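Lettered A, B, C and D in written order, each chain numbered from 1.
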Amino acid sequence: MTFIERDGNAKTVEAPAGLSVLEIAHRNDIDIEGACEGSLACSTCHVIVDEAWSDRLEETSEDEEDMLDLAFGLTRTSRLGCQIILTEESAVSIYEALKADAATAWDGYVAHPFVRSLADGSLPEACFRHYLKQDYLFLLNYSRAWALAVVKSQEVIDLRQAAASVDLLLNTELALHVKYCAGWGLSEADLAAAPEADANRLYTRFVMDAGLTGDLLDLLVALIPCSLGYAEIGRRLLADPQTRLDGNPYRDWIELYGGQEFQDGAEVARVQLERVAAGRGLVGDPRANPRWPQVLRLFETACRLEIGFWQMGLDAAPA
Amino acid sequence: MTFIERDGNAKTVEAPAGLSVLEIAHRNDIDIEGACEGSLACSTCHVIVDEAWSDRLEETSEDEEDMLDLAFGLTRTSRLGCQIILTEESAVSIYEALKADAATAWDGYVAHPFVRSLADGSLPEACFRHYLKQDYLFLLNYSRAWALAVVKSQEVIDLRQAAASVDLLLNTELALHVKYCAGWGLSEADLAAAPEADANRLYTRFVMDAGLTGDLLDLLVALIPCSLGYAEIGRRLLADPQTRLDGNPYRDWIELYGGQEFQDGAEVARVQLERVAAGRGLVGDPRANPRWPQVLRLFETACRLEIGFWQMGLDAAPA
Amino acid sequence: MTFIERDGNAKTVEAPAGLSVLEIAHRNDIDIEGACEGSLACSTCHVIVDEAWSDRLEETSEDEEDMLDLAFGLTRTSRLGCQIILTEESAVSIYEALKADAATAWDGYVAHPFVRSLADGSLPEACFRHYLKQDYLFLLNYSRAWALAVVKSQEVIDLRQAAASVDLLLNTELALHVKYCAGWGLSEADLAAAPEADANRLYTRFVMDAGLTGDLLDLLVALIPCSLGYAEIGRRLLADPQTRLDGNPYRDWIELYGGQEFQDGAEVARVQLERVAAGRGLVGDPRANPRWPQVLRLFETACRLEIGFWQMGLDAAPA
Amino acid sequence: MTFIERDGNAKTVEAPAGLSVLEIAHRNDIDIEGACEGSLACSTCHVIVDEAWSDRLEETSEDEEDMLDLAFGLTRTSRLGCQIILTEESAVSIYEALKADAATAWDGYVAHPFVRSLADGSLPEACFRHYLKQDYLFLLNYSRAWALAVVKSQEVIDLRQAAASVDLLLNTELALHVKYCAGWGLSEADLAAAPEADANRLYTRFVMDAGLTGDLLDLLVALIPCSLGYAEIGRRLLADPQTRLDGNPYRDWIELYGGQEFQDGAEVARVQLERVAAGRGLVGDPRANPRWPQVLRLFETACRLEIGFWQMGLDAAPA
């Protein structure tokens, strides 16, 4: 990658996939500020992208646009350096590699019969109700696991992103969930009173232990299938012409997880995963790192436990 | 304590100190909702207090007033049941007992020469600057310790209150701190670049270990001297006629910690401490519980480490 | 309880159940040394018991006898003060209270069909083989959980007892297990290669999380059903006339867990539980402590997960 | 090259290129049979290669495979010692790299004035006594940190090695320490009664937090300066002609840490560090791994805290 600095000098440096333009600059002593460290709270990482590349980058998010408006010397190809994550053809995203190598578990999870019956509205209500109650308890423990990610953060950006996830879960998602359940006749007291199912307990305690045993990367790998999988399920169902929305009692659910807000939150987690993996050497070809088998096993197990969670819902069907 | 229920029936129950009226109601199957479990986000715990008692309760906070305004059937002695914490004469608040039994350490902390020289503006700037840099690093690790409190929460209310503390620290306090430091010519990069002083590292790592070793109560006892001590310092300095505000370069600092927002945040933490202690049997006379010596030692050590933190600031004075 | 000191003075003090005579002495400033803090490595806690009481105490263990032989001024009613645990009629052992209040789960565990079919030798070999493989993985994680008890120890005696458990598990039990499995044609490589079953993973991760979330007492309560349950199963089967030993392929297993060495190890853990519970105020009537419901839930859940573990073995039966 | 003999003892010897592992063993009196003297006609030179090295050796020939099949206790990394010929390696030990890059802190630690005054016997007794008391408390917490390494172990070998360290510390070292202190007139009660000094608390709590925050490698890097540093100090002092042994009151101390038993224990920890580092990609050139700066900082901080520990001893000198 070539940087043209303010004084006109060009500097060409290595640009490993998984890093942001800002991070590549910092690794090479190129002077870009980036005061908020990529949390989209400043615009001091403003860069101007070569027109030839401009189209090949992922689209600018709305949040980035808003922040760019505050940048000095805006141009048509202006971007925030912290928001452009490199994904060369030659490089492999760890998330893509995990999905590919755990394809059976991943597919079994995101295309589970529970999901398909949500899509066509055929899921028995008893199953969904059981799922909703367990999901409430899941959210509480899943928040605890993200809090463990705060505990395990060694850099300010990780601290902030993990704390933002806790906040999103406990203040936004949980409230939405409670409100949503009310629409199904379940009060928060009903939710809290349900005994935790084994499939539920197994999943969250596995994630906690992955975090206690390993480092932040191990924990993120175990956390990610939930957020990114739900995002993928929501996106797929909305895009799939076979999905029935009209008159589908589960339409709200589909639109929640397919909606932009949830997609954006998941994307933040994905970028964090790539960044943390890069910081531990799982970049370029993550499969070449000796940690790969262990990391893959965590991801695969989490996917399998998601399957168990769906199955627990289906098994609640009335005889 | 006697409850008059909606249908006019009176029910008299035991009212141990340290519990809220809402908690006492729930323990005795008295029908008060309390949907938000005491986090001041609903007003479903609305109660009407007997006039005779009304004056003897602590004053209503502004937040409670706001929420009360949304309650149905408001009266002059309306209160939110979750905000009235019992403190009979016969009962001892654990916080008061800790301060009393660790009086030397506590006083050495809240009336440290560093504090007194903030109050009269005589503190050398170099000391304050050093303190500011270390406090930035402190906030990061202190947030991690509150995140550990999220991890260690077994009830929804603890989960939420601890998560709110993390959020307050990382999103409000840290930002304020960064902004405030900018006024002293210190950028966030300056703050992040400072090496962590031993007195600083010692304090936060001690708190983390208290949390890992013990339960939520142990952790809260180690966390509390910081929040409640700063609140007490701010309150005292503002109330003390000897404090110089005009032309005092540290006026902002005094007004920040003496201000209502910080006081309210600290109060939430205090109520949480009393509630968690009660849930573990340190209620009534906390000193009678076999855990007392251990819990007191944690509190006292944390106060001593606060003294070490102030002293680290003073020691940065130019020769 | 009345102590007659060396100088002939009598001192009467409260003697809460769950404490040892040595601990009661120390709490009341009575001069008994107890250099090894109850680990049967000194004999400095030597006491002479009143004849009237002598018969009402539990029998002296062989280890205690050996150590007593080294004591100065031995008498017929000599005992080591650290080995006499008070169990007045009026007082309830926390372990007994837990078993009583979780009776359904406890009985379902210790009298599971898997256990009964071990006793009469009717268990299909495939079930036992599957159980053995999973038990190997269980032992590894169960050792990790006892190591967490070391991490969480605040007193030297806890540190030592928990470390002794880790050592017993990893150095004695695991080696025995490996050797024993060899007799069933399973090499250590076979054991290590087996994928961890969900019922297995669920159990140990639940215990780890109980420890991370709570204090040492919470962790011990979650750890104890395994050690004490196996001890009870072994004892019962050996005592039960219906148990078939001759020609029973599972005879070794029964004799291992019913044998004195395992019984003694379990007893150390039981005494530790009572002592740690007493130190947190769950003494006298443990059910009166506000922590009781939470502690009981941990115990009950662990028993249920033991049932799940047996069931996992049964389910491996060939069709 | 390090051999771990059947009884678990580690022995490190020179490994000149061009020799086979079997030849190196024989030159150093290490007990490997090698009946056929390298002609691939026996399998009595069977060795198990450390996983970290396994991949880096030349591939096994078919003849070697055939002969290996006859070996007793075959594992996945089994080889015939006579067939592994050493080649010159450009690889850097992580331990050597850490010492080199943190040279100032390392040297300040292992050649501290406290150490030099132990060597010539000039250290004031008050300093040594203070050091002994603090070291007792240090050992307790340092054991807890090794127990955290058990908790964080993902492989059986790590579990066992970390548990062996806990055992060594709590059962051998602590007992030796207590006995040794008795010779200086300090009872275990004296040791336990001493308040923990800040320099002491800082060190162990830093290590615990390194473990909670990071993975097993981070924890080992923070743990290792203590064991390996003391081993190096003991070795150096014994080898240094300037060290005075005759009539030196600290002779026992020097001989304890310079002695073979302590050296062997430290060597096991060193080999574990290299293996764990290799398993996370810090092998070959550990400095090329993105984790290097973070890992180096942990090591350097631990060395600095060791300096603080010595200094705490010196500062106890009578005025």
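Convention: a contact is a pair of C-beta atoms (placed from the backbone, for glycine too) under 8 Å apart; a residue touches a chain by one contact, two chains touch by 3 or more.
Composition by chain, UniProt nomenclature: A, B, C, D = 2Fe-2S ferredoxin-type domain-containing protein.
Keep in mind that this is a model prediction, so the values were computed, not measured.
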Chains adjacent to subunit A and to subunit B under the stated definition are C, D
Reference subunit B; chain at largest CA-centroid distance
D
Once the Cα atoms of subunit A and subunit C are superposed, what angle does the rotation have, between 0 and 180 degrees and to the nearest 5?
180
Tell me whether subunit B and subunit D, two copies of the same sequence, contact each other through the same residue numbers or different ones, using over half shared as the line for same.
same
What's the distance between the Cα centroids of subunit B and subunit D, rounded to whole Å?
44
Chain centre separation (subunit A, subunit D; CA means) in Å:
40
So which bits of subunit B are touching at least two other chains?
151, 153, 208, 212
Under the stated contact criterion, what part of subunit B meets subunit A in this complex?
35, 140, 143-144, 147-148, 150-151, 153, 156, 159-160, 162-163, 166-167, 170-171, 187-189, 192, 208
Subunit B - residues contacting subunit C, complex
151-154, 212-215, 218, 278-281, 283, 289-291, 294
Subunit D-touching residues of subunit B, taken from the complex the two chains share:
198, 201-202, 204-206, 208-209, 212, 308
